[in-house]
Amino acid sequence: MLVVMNAHATDEQVRAVCKRIEELGFRAHPIPGAQRTAIGITGNEGEIEPGTLDELPGVVEVIRVSKPYKLVSRDVKEDPTIVRFKNGASIGGEELAIVAGPCAIESRKQAFAIAEHLAHQGVRFFRGGAYKPRTSPYSFQGLGEEGLKIMADIRDQFCLLIVTEAVDNESLDLVDHYADVIQIGARNMQNFSLLKKAGRAKKPVLLKRGMSATLEEFLMAAEYVMSEGNYNVILCERGVRTFADHTRNTLDLSVVPAVHRLSHLPILVDPSHGTGVRSKVTPLSRASVAVGADGLIVEVHNEPDRALSDGKQSLYLEQFDELIGQVRQIAPVVQRRVAPAGTVAARLDPASTR
Amino acid sequence: MLVVMNAHATDEQVRAVCKRIEELGFRAHPIPGAQRTAIGITGNEGEIEPGTLDELPGVVEVIRVSKPYKLVSRDVKEDPTIVRFKNGASIGGEELAIVAGPCAIESRKQAFAIAEHLAHQGVRFFRGGAYKPRTSPYSFQGLGEEGLKIMADIRDQFCLLIVTEAVDNESLDLVDHYADVIQIGARNMQNFSLLKKAGRAKKPVLLKRGMSATLEEFLMAAEYVMSEGNYNVILCERGVRTFADHTRNTLDLSVVPAVHRLSHLPILVDPSHGTGVRSKVTPLSRASVAVGADGLIVEVHNEPDRALSDGKQSLYLEQFDELIGQVRQIAPVVQRRVAPAGTVAARLDPASTR
Amino acid sequence: MLVVMNAHATDEQVRAVCKRIEELGFRAHPIPGAQRTAIGITGNEGEIEPGTLDELPGVVEVIRVSKPYKLVSRDVKEDPTIVRFKNGASIGGEELAIVAGPCAIESRKQAFAIAEHLAHQGVRFFRGGAYKPRTSPYSFQGLGEEGLKIMADIRDQFCLLIVTEAVDNESLDLVDHYADVIQIGARNMQNFSLLKKAGRAKKPVLLKRGMSATLEEFLMAAEYVMSEGNYNVILCERGVRTFADHTRNTLDLSVVPAVHRLSHLPILVDPSHGTGVRSKVTPLSRASVAVGADGLIVEVHNEPDRALSDGKQSLYLEQFDELIGQVRQIAPVVQRRVAPAGTVAARLDPASTR
Amino acid sequence: MLVVMNAHATDEQVRAVCKRIEELGFRAHPIPGAQRTAIGITGNEGEIEPGTLDELPGVVEVIRVSKPYKLVSRDVKEDPTIVRFKNGASIGGEELAIVAGPCAIESRKQAFAIAEHLAHQGVRFFRGGAYKPRTSPYSFQGLGEEGLKIMADIRDQFCLLIVTEAVDNESLDLVDHYADVIQIGARNMQNFSLLKKAGRAKKPVLLKRGMSATLEEFLMAAEYVMSEGNYNVILCERGVRTFADHTRNTLDLSVVPAVHRLSHLPILVDPSHGTGVRSKVTPLSRASVAVGADGLIVEVHNEPDRALSDGKQSLYLEQFDELIGQVRQIAPVVQRRVAPAGTVAARLDPASTR
């Protein structure tokens, strides 16, 4: 259910409605919009009896939400969600969010080499795995907290926001502490316990679509995070599993306009996992921007052939530069732009002539 | 196997090698390239003994082709195939091929109304079904030859090239007679009997990917057509079948760069069948061009809500104009262009002020 | 629409109703049942106006069929269809139909060796391909009519019914002439032109499920055959295409009870194509019978390692004997039986001591 | 790598080899077999140098295991694993393991009613969810520890072994405490953190196949559990996600013989989730036993129409009795048997005349 407040409703009126909802044993989720505030109501226990809230001061309307997802729905919040960060970057706004970096943090040297290159290209988000969910227990599983510390230093040095994956409660606490965006991986998209914990974290959550998740399941996973009170959720398409064998996964770009139609949440595309093949990453990055994605998440490595994981799908640094160049040209067609190269560096080093 | 002739080999030398191949009970497929001619060898009966052809005049090298497809392979023909048409249009070249029109030809009036609109937008290829493969025997199955005649008149009136589907031997003969491109639909991608017949037709063949065809199967289907001597094959991605239910099919755009890597054949994308939902056609058209497709095939209708088939996925005329406008902006990023609006009309009516 | 006649309706009354239907521009399909006759009405042109047929003599009721398939539906014919053959064999009755033989007829010697073995095991149906739909144009495509003649001789010699695939109009005419059951392969399940022609043939049709056909599409393909007047349709599950890679296809046994619920048509299972791996054929054959299939179609070869096609999935003769032995034990649990070993041979050679 | 000890190797020799392996920084997994002991070696850090272990007393051979899974592999342990329980029941042996019960524990009354019925049918394993991973955060999520306590009482009262799902670290500790088998659900099959924790638990682990897990991924998930030292892993096929829409999932029975070929671990089948439709559960149960599964896990409810979850796929009590009766008949064909009805009750109440 959704309570729509009138345009002039006071904060106090909103608080009063929320209080009433909580007294009835439900959760209230005030959602401020451009025109008015709405209040989502969620709860395990059925529905509030009709008429209970309609007459409270400031209430215009109480509406039933017929879709199984509520807080993620456009019905509940019409304006697109823009997740904003301290350094001025955002996800979901006019500027495309470019998230780039290695699959895994392997060493300080490797991570800094890549980060420096990316920062000079105008990238604002650095990705790197400290906890790697690997198919084999005998594969490299990431540097753990050591990797997080390296990334925290990268943030300080290059003014990059850190996006990294949490795989369980322990790592989630650490990621919440060290990083700027908590990534939930495809394999954990329906790890509801982890989703709820992410919903209680302070940082925005980047939620990757599961390998065989329907759109509804994907949105319901986001609903789990939001239902715990964390409204800064960013979705991410990363390819689904099909019979096709020319790429590791089949990138489903149609999900981007489908998400935008049903939900106010932003959605990125990960063409690196989406294809699993280096030569396909740039074409599919162009396509992702053209289809209307809110940004890209791309694996880049200074020495892909020596990468400890996912080397086959990681771009060489020069390939990434080419990708950014092409994406920059396409962005305006979809009313977007890419941050200019050198801007971050400029901010860090005002004397820079770049 | 593939015989590579030297750059200065004479036509006579090429003919002599072909003759020798045929005498050995195989088929020779001379493939002229920018630098040199190659001769593909195909046949049911094993391989030609090593050494048999190496010493013939003009032969540089005889190489085994390890992939199951031969004539479609980039190994055999490095330059991309450009299918050229009388009116100056082409598929596979710098100009994107825009194929548009209704799902089915329903009446002369409907078809002409749509065609006129498209011609003024610079479209050069008109699509429309005269033979419709329908899931139900009780659904509208197309106007048959009457539909072909209407399209032939459209060609004369609007200088549009006609692309239409053949579903069996009889309709293939008629399509070969009336139309400019013979479409083989997804359901017939492995109707090998029909593919062979298309391989003996005079007109280029547009081959749609089967609903669950792997890339190799798709290329092998093209090989069937080429092995019969028709080298003007145009591939078309139209979505594959997956568990995802937010679109009718899942459009697999990664197949475009994958085809371009393995084959010299051009590939179009059909976002109408690829999504089955009108509101997704324009975003996926942008993505298709951005990923590097050689063109688009799009369903457009003057009255989608009254269409006898596929109305849900057909664009309104104005939506198509918007699509073309957006695609026109993206094309240069991938070194392509879209024919300017009004050009066809201009050719037809030099006094036109449009 | 469906006209239900009363239990005592005369043949003349049935004919009169059919005549009226045809006069209205529709097709009438009289369907005799155990209790009463029903008359299915099909046609391209919409529906017959309510009230038109209700008052004709012998008519009990005129009902709309809400499902897109009509003639294949249990709504239209409650009793299961049993396809009966001259030599006493049947498909859909209490006796399981065991169809066995090589993938392709390679030579008279090979085919006879296999057939003799099978006949002694009580098998009543012999399968073998004369026209092979192969992924590559350069693979062995079958012996054609020569193969059909070999199979016709096998029928005479071993009292086996011949099941073989038709791939186009020409081969369908020949198969209809030489064989006992016309197989339509998975790749042609939506070759509607071929389905219609099979619907006008005299022999029963074995229709294999397409690689990615939904149940509804599968039943609609059968509807195409029936709508042309051939009511002897036998369905066949042969595996669908999925991401799973431990078998060539994923055998979907749940489709067997699903078909039996919605349709009166019998359904066989083909565990050879369904798995593509010899060691999986016997376990899945047991499972197919246990799930309730009306029979099996299995590839058997006297020398699988030398087979010209599908050797990897063909059983050795001894493996087939073991399979039959196991299936024979499971059959009674599902109220079925397998013809006893030696019966066919016994009929052919009354002096036999087997 | 795998160290094969000779048939007469002493325990001391085995211990000495293990000690050496640990000193080298690896983990040693002694695996006693019928004939000899083998020692699996696992570790994150590459391989032990050739020659290092070959000459230790009692060592016959040191072999490389080429497959990515080691401890789950038949190469490492030829004899099938039989998981044995205190009350004499086992999984993987001649007696089929029948695991039955409601989707979720809803109340003591409901759970006891169902358990009593099942115990009288000879069932030895009771399943019921206390922690339910639900697509929606607003759906019933299970009774939690209260549900576990109810099941513990059921064990005491009916001599049934308790199988129930753990969804995170906290619930895993509780399930390990209260239940007899720790179930890891399909959505958590690649929750590697949870798998490792299950690998350190005391109770056997029932690992369900992920919705789109390949066979290799499935076995690697089991390897995660085993690599932590818990060798009592039971696999479970529960349907995979495909395009097919006549069942909720597509039950992939071919995975049963495929698992048995590659691994020594037992595998059950869950036809309830595998089909999602009550009327398909019994036919697919028959098929599962016929294909060679080590047992079944089936949802049964005393009032399916009032079930708080999965009611549509839960059997009525009488339907379960019929299922057991049919399965009992098929079992001997695959050298299995089902525990006789009444045996458990008899043990509990020796005076019973049942």
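Assorted remarks:
Note that the chains take the letters A, B, C and D in the order they are written out, and that residue 1 is the start of every chain.
The working rule: contacts are C-beta pairs under 8 Å (C-beta built on N, C-alpha and C of every residue); 3 or more make two chains touch, one makes a residue touch a chain.
As the structure is a computational prediction, the values presented were derived from the model and not from experiment.
Interface note: subunit C and subunit D, two copies of one sequence, contact each other through mostly matching residue numbers (shared numbers exceed half of all numbers used).
Summarising the inter-chain layout, the chain whose CA centre lies farthest from the centre of subunit D is B. Centre-to-centre separation between subunit B and subunit D, using Cα means, comes to 52 Å. With centres defined as mean CA coordinates, subunit D is found 39 Å away from subunit C.
Centroid to centroid, with C-alpha atoms defining each point, subunit B and subunit C lie 36 Å apart.
With touch defined as above, residues shared between interfaces to two or more other chains in subunit C number as follows: 212, 241-243. Chain contact summary for the complex, subunit A toward subunit B: residues 212, 214-215, 240, 242-247, 250-258, 261, 274-275, 279-280, 283-284, 286-292, 326, 329-330, 332-334. Interface residues of subunit C, counted against subunit A in their complex, comprise 241-243.
Those residues of subunit B lying in contact with subunit C across their complex are 42-44, 68-69, 133-141, 167-169, 171, 187-188, 190-194, 196, 211-212, 216-217, 220, 223-224, 227, 241.
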